Amino acid sequence: MVPFAWIILVSILLFALGAIALITRRNAVAALMGVELMLNAANLNFVAAWRYYYPDHLDAQVAVLLVITIAAAEAAVGLAIILNLYRRFGTVDLDQIRLMRG
Amino acid sequence: MTWADLPALYPMLIPAATAVLLLLTLTVRRDARLAAGVAMAGFIAGLLALAASAAELSHPVTMLLTVDRFAVVFWGILLFAGLLVSVFAVGYFRTLREPREEFYLLWLLAVVGAMVMAASAHFAAFFLGLELLSVSLYVLIAYPRMQSRAVEAGVKYLILAGASSAFVLFGMALTYAATGTLTFAELFTHLTLFPGDVLLLGGVVMILVGVGFKLALVPFHFWTPDVYEGAPLPVTAAVATVSKGAAFALLTRLLLGVIQAQPGHSTLAVIFTLLALASMIVGNLLALAQGNLKRLLAYSSIANMGYALTAFIAGGDAARVAIPYFFAGYIVAVLAAFGVMTQLSTPEHELQEVEDYRGLAWRYPWSAALLTVALLSLAGIPLTAGFLGKFFVLTAGMAAGRWTLVVTLVLTSGLGLYYYLRVITALYQAPLEGEQPTPPPLHLPHRLSVLTGLALAVLAALLLLLGVYPSPVLHLLAWP
Amino acid sequence: MILLALILIPLLGGLLAWWAERFGTRATRWVALVATVLQLGVAAGIWAVHPGGGQTWWLDYARPWIPQFGIGLHLALDGFSLLLVLLTGVIGVLSVAASWEGITVKVGFFHFNLLWTLAGITGIFLSFDLFLFYVCWEVMLVPLYFLIDVWGHEERHFAAKKFFIFTQTAGLFLLLGMLGLVLTVAARFHVLTFDYFTLMQHPLGLYPLARWLMLGFFLAFAVKLPAVPLHTWLPDAHTQAPVAGSVDLAGLVLKVGAYGLMRLTLPLFPEISRAFAPIALTLAVLGILYGAVLAFAQTDLKRLVAYTSISHMGFVLLGIFSFNTMAWLGVTIILLAHGLSTGALFIFVGILNDRVKTRDITRMGGLWARAPILGGLTLFFALAALGLPGLGTFVGELLVLQGTFLVQPLFAVLASLGFILSSIYALWMLQRVFFGPPAPHVEARDVKPHETAMLAAAIALTLWLGLYPQPMLDTARAGVAQMLSTPEGGTP
């Protein structure tokens, strides 16, 4: 079986990729996708910890289901707001949306 | 969980049920006043239930929640803030030409989320509460969808809060991998037994990033001024009060015990000390240059969270009194300040600049007086709630010998006076002679409603009462 | 109960005066006047009932306030406090009278702030609970800030902020010092209390932390006094404040600093204060000379008076840190006499400003010829401030110098140079204002009846202090002796 550390490493990489997407991509939708990637990195971590260390507990599985549900809600609300952003500004490029200082 | 546990949860279940009820009501009849009325009734019923359930305290309700005195006090604060923000919203949104019923629905949900956070004893409850609060807030911030600034603020908050939730979740996953448990109590045991476990510490630090974001502690504060400025005023008040109160209550639940159990120079204590110092210094310094009252209050809230962290780091029995008291004072003052601003604003035209308030005292003396008292309270001047809050924080800090924090608190408070005074000075300045039109005319579109007037009067009374006669509240806070 | 009344009279009077504005500004002024006269009357009544000597503590009033933290509403009165409360009453009446015509905008709010400032100051003189003391300390600041900020002169916003930030930051160090003291006592003796008398019974001695705590107590009062490196707020605040604000500042607020040092800093930290004395005495002498020299360089009349205040307060600091009953009695007399004479001087400056529309000395020449009564009165108060024998300040400063000479001869000799300098500045001021070539556009109107009455009262009191200070000295003696005695000094 693959050592646990490798899986942790992969999940950390996924998380970092998501964070990088969030920071570098100026498209609001892409940034939201970065957030989703980060959430799923955490899910992978939960599942791996359950499978390797705590197969008797259901905590992690429940947590993963909870996260998937919440992430769906978050994505729905987020996309709706971004849609409205597009209607207001005619773009979803975060660099071009700067009405406020700072 | 048994039926016997249920009454303890009524204060939280009632607003949650009210949200459902409101949703059903909206399918039958769309009426903003009715919606606001239902929401307020929900908050009031929650507060009444709280008074009833305060008798039987301090037991875990399932493994997810603990309803102890601390939770009850914070629930009271959150429900009160919820009620007042609804009152402010009624007057504020009256000119909005779009549906405004859903505002109250989302706001009920946000407060329930905050209450879950304040009482949580388990990571699942924590995350659920956090997301319920955050997702509601995304929409609330961007609620006036024709106002570009609000939408911009909403998107900024959406992306950054989403990222911070991801940090919290990843931290939970790491903690779980290290300990195999999701309860706070077990986390405490593991953290005190193995303070050097890298995986565990990494997890806790990532959770801190998320909580720090919600509290706008210094390296995680950059969203605050923009969101404060762009969000509609009642929601700004909500972000400053409910969101922060819930996050701090959670932080206290999660880590106050750990900080106390560990030696004074443990990694966590050092991290918290740095966060507190940075928040106090940066918050106060950046506030100095602000000409926009909303942004100014944003930086002021950053500094105030630094003060609260001082009590948190100090720990001990003093902190258990200081933290809730400080927050009660802070939230009442912030609500009063935003309440006055809200009452003079509409979604289309908010009075944001300090300049807009020049000479307010000579036109609206009562509003100006309340704003003055609120600002003095935030600055920590005696006879106001803010002073006693700061006094208890200082007591806690000194009792624990945290001299760096205490002295920084004192010095930065002195610095902070400058910007509060700048606003107060503007309030009492006569409109300049000769250049009469310069101050934009304050427009009060209609007479102050009885409800808003009552809310503001209650806030004024609380600001002074909490500043002069703290004994009953202290008695309530004698936390087992 | 009567002590509580002393504080409540101006507090309620302030609210009532504000409310009375709806019946016209005259109503507000009369309410304020009645409140201040009533306060003065009550204080004088206490004095009349309790003849001096004998007993140290005359009155005592204690109720629990925040029992969880050992905080009580503890008021007490000894002869020393009583004299200062009497001064507060007199200055209060004078400042209401001095604003009778000068203040025309927001009259209600003005008198509210004026009376609340007086209430805070009275509270300070009566508080024997550290927390209550701090609260009164701050309650005095905010209304005073408004007095300067709303009704002051051109640079008022800057001056008001500077004043507030200086004193408030210093006040926070006082708070830190108090908390540190209370918590240290709680840790060592297991008594959590803010009560002055209880704390006095648990001396910290030379406990290492006590040095820092004493510094906190010293810093706050030194800013208020003001002692020299911390004085820069005073000239600005004095210059920009309205007449009543300046009168309150000079007459009372500076006294609060001295009172704090005498009542709290030294009795609570006797050993450390003695070790600290050389530094404090150096600051005192620096203040005496620096204030006098700078006063000489001023052309703005209010600034000039402000710098002379710094010089006089140097004498106060000198006297306090010579730990000597004679010097402390001298300090008491200086506090009273300086309060009266400087207060009256500021009223003059107000009257002058009213006549010639400037505070610049160089543009005031020749007033003597046109307004002889005004000139004569100013001469009197300038000489009083200078320390002419027969007038109050002289007695005080002489006692201070005598007392100091017994223990610190070097500092006493240096300080006496201040006498010479102060005569130079007083005479210089008179010469410029009254005997120079007449300036154009000076309105010749002399003093009005109510101004004469106000000033005649101040003259009578100054003469009393100068010629027959014995009643005051007798009244203050027991209290002063108690503060200078060892910590076991005692409870009421």
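Labels for the chains are A, B and C, by order of writing; each one numbers its residues from 1.
Following the convention adopted for this analysis, a contact is a pair of C-beta atoms (placed from the backbone, for glycine too) under 8 Å apart; a residue touches a chain by one contact, two chains touch by 3 or more.
These numbers come from a predicted model, not from an experiment.
Novice: In terms of CA centroid distance, which chain is the most far removed from chain C?
Specialist: Of all chains, A has its centre farthest from that of chain C.
Novice: Using mean Cα positions, find the chain sitting nearest the overall protein centre.
Specialist: That would be B.
Novice: Report the inter-centroid distance (CA atoms only) between chain A and chain B in whole Å.
Specialist: Distance between chain centres, rounded to whole Å: 26 Å.
Novice: Return the distance between the CA-based centres of chain B and chain C, expressed in whole Å.
Specialist: The mean C-alpha positions of chain B and chain C differ by 42 Å.
Novice: Distance between chain A and chain C based on Cα centroids, please, to the nearest Å.
Specialist: Averaging C-alpha atoms per chain gives centres 65 Å apart.
Novice: Which residues of chain B touch chain A in their complex?
Specialist: Result: residues 123-124, 127-128, 131, 134-135, 138-139, 142, 145-146, 148-149, 151-155, 158-159, 162-163, 165-167, 169-170, 172-174, 176-177, 180-182, 222, 225-226, 229-230, 295 of chain B touch chain A.
Novice: Please name which positions on chain C make contact with chain B in the complex.
Specialist: Per the touch definition, chain C meets chain B at residues 65-69, 105-106, 134-135, 138-139, 141-142, 145-146, 149-150, 157, 160-161, 164-165, 168-169, 172-173, 175-176, 179-180, 183.
Novice: If you look only at chain B, which of its residues touch chain C in the complex?
Specialist: 321, 362, 376, 381-383, 387, 391, 394-395, 398-399, 406-407, 410-411, 413-414, 417-418, 421-422, 425, 428, 430, 470-471, 474-475, 478
Novice: Where on chain A does chain B make contact in their complex?
Specialist: Those residues of chain A that touch chain B are 4, 8, 11, 15, 18-19, 22, 28, 31-32, 34-35, 38-39, 41-43, 45-46, 48-49, 53-54, 57, 59-60, 62-63, 66-67, 70, 73-74, 77-78, 80-82, 84-85, 88-89, 94, 97-102.
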